[in-house]
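Each chain carries a letter (A, B, C and D) given by its place in the written order, and its residues are counted from 1.
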Amino acid sequence: MAVRVQAERFDTGVEIEALVAGNFAIGGVTSFTGYVRDFSTESGVVAITLEHYPGMTERMLETIEAEARQRWDLEAALIIHRYGRMTVGEPIVLIVTASSHRQAAFESAEFLMDWLKTKAPFWKCEETKDGSEHWVDARESDDAAAARWGR
Amino acid sequence: MAVRVQAERFDTGVEIEALVAGNFAIGGVTSFTGYVRDFSTESGVVAITLEHYPGMTERMLETIEAEARQRWDLEAALIIHRYGRMTVGEPIVLIVTASSHRQAAFESAEFLMDWLKTKAPFWKCEETKDGSEHWVDARESDDAAAARWGR
Amino acid sequence: MNVLYFAWLRAKIGSASEDLTLPEAVVSVGDLIGWLKERSPGHAAAFADISCVRAAINQEFVDLDTIIPPGAEVAFFPPVTGG
Amino acid sequence: MNVLYFAWLRAKIGSASEDLTLPEAVVSVGDLIGWLKERSPGHAAAFADISCVRAAINQEFVDLDTIIPPGAEVAFFPPVTGG
């Protein structure tokens, strides 16, 4: 089990290194890092705040990580999800999956990201240049991505 | 264009960092790192040597990277492939793709890896504990993975 | 019993949690929502459109018909919007 | 004309490249293979099973019927085995 819900920034390279170190059964590692991108020209958004349900988030992340390990033959897996206020360019979420075979690493990483985007108890509040804030609605395209996995 | 064919080791984290830095249109980055795994208990393999066709390799990698950029809306892409002798635990290949949307980052990374495994002019020679060497035959499962992309 | 609110439900109600003693008539999650709506205009606003409200009991998603067990932690929040 | 060999073709032939002047009768890649096979037992061994041999001209994959242009770089290698 490697699940972390934290306010602090993380370093993708350091996390991959730590996960892989010393495990010589690993043939391939997939990582996905999600960033706050610059929406400001479209929408004026300059920062987001992620609120979550402490306790429930960790439980759900541990459950989905265990399910990924059951579906794919993984040597290691890591989920880091941040909460709190983040500005443009900051990393929000990291998935790392390691397997002896690349297909398992790719598919499980994509599965975990689709799940995080649709099922994890995070709520996003956007902050615009003029200082106003609004809560973001759930997106249907993400639900469709998650539905591919039959969940 | 970011394609490198090199004998030297690389650092996944450093490469991701350099690729993403300053580009605030990036919403998601997928990386795949392939490692020499420990086959020694099954087959006695302790090291591999990758031979390639200098010049042709770079040209082909640049072509496929351009094709990935055409198929998906990518903000950045990087392919690093090593050649020469590598022992267990060493990284062989790195793919990094960055896009405003995670689906494009995932799919293009998988596309590039499937292609590298089947089409790039690399030949693998395995070295066993007793010092003997043998050239590896092409694998059908990799061809099947590449065929998904209609190439 | 502890009731938690997240995101715009929290903002509308003006509080992240409330420690409440439920009347006996409040049995299900739906009952609880009906009762909470009477507490303040903020509560009424938060629960005005029930199709935008999700609930959990003891950190598991539940629906409106679910019976609230004694000592439960009940949470209300909008549909999740991910990271 | 420069001919390159990779992987076990190189190993069997004992050389990574040869600078050769082709006779006029050698027009296609297939002709070249037939002519190379006569050069040594190593060449003969390398090209014994043509189904395991792939070719490129000026760094592009070609098949056996392809005509070799003047001054071309021709390469022979096994099916690629990836990284």
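In the analysis below, contacts are C-beta pairs under 8 Å (C-beta built on N, C-alpha and C of every residue); 3 or more make two chains touch, one makes a residue touch a chain.
Note that the coordinates shown come from a computational prediction; the quantities given were computed from them, not determined experimentally.
Of all chains, C has its CA centroid at the greatest distance from the CA centroid of subunit B. Centroids built from CA atoms put subunit C at 27 Å from subunit A. One simple way to say how far apart two chains are is to compare their mean CA positions; for subunit A and subunit D this gives 50 Å. If you average the CA atoms of subunit A and of subunit B, the two centres end up 23 Å from each other. For subunit B, residues touching at least two other chains, in rising order: 34, 117.
Residue positions of subunit D touching 2 or more other chains: none. Chains touching one another form the pairs A-B, A-C, B-D.
The touching residues of subunit B, when paired with subunit A in their complex, are 11-14, 16-17, 20, 24-35, 37-38, 88-89, 100, 102-103, 105-106, 109-110, 113, 117, 145.
Residues of subunit A that touch subunit C in their complex: 34, 50-53, 55-56, 59, 81-82, 92-93, 116-125, 135-139, 142. On the subunit C side of its complex with subunit A, the touching residues are 4, 6-8, 10-11, 56, 59, 75, 77-83.
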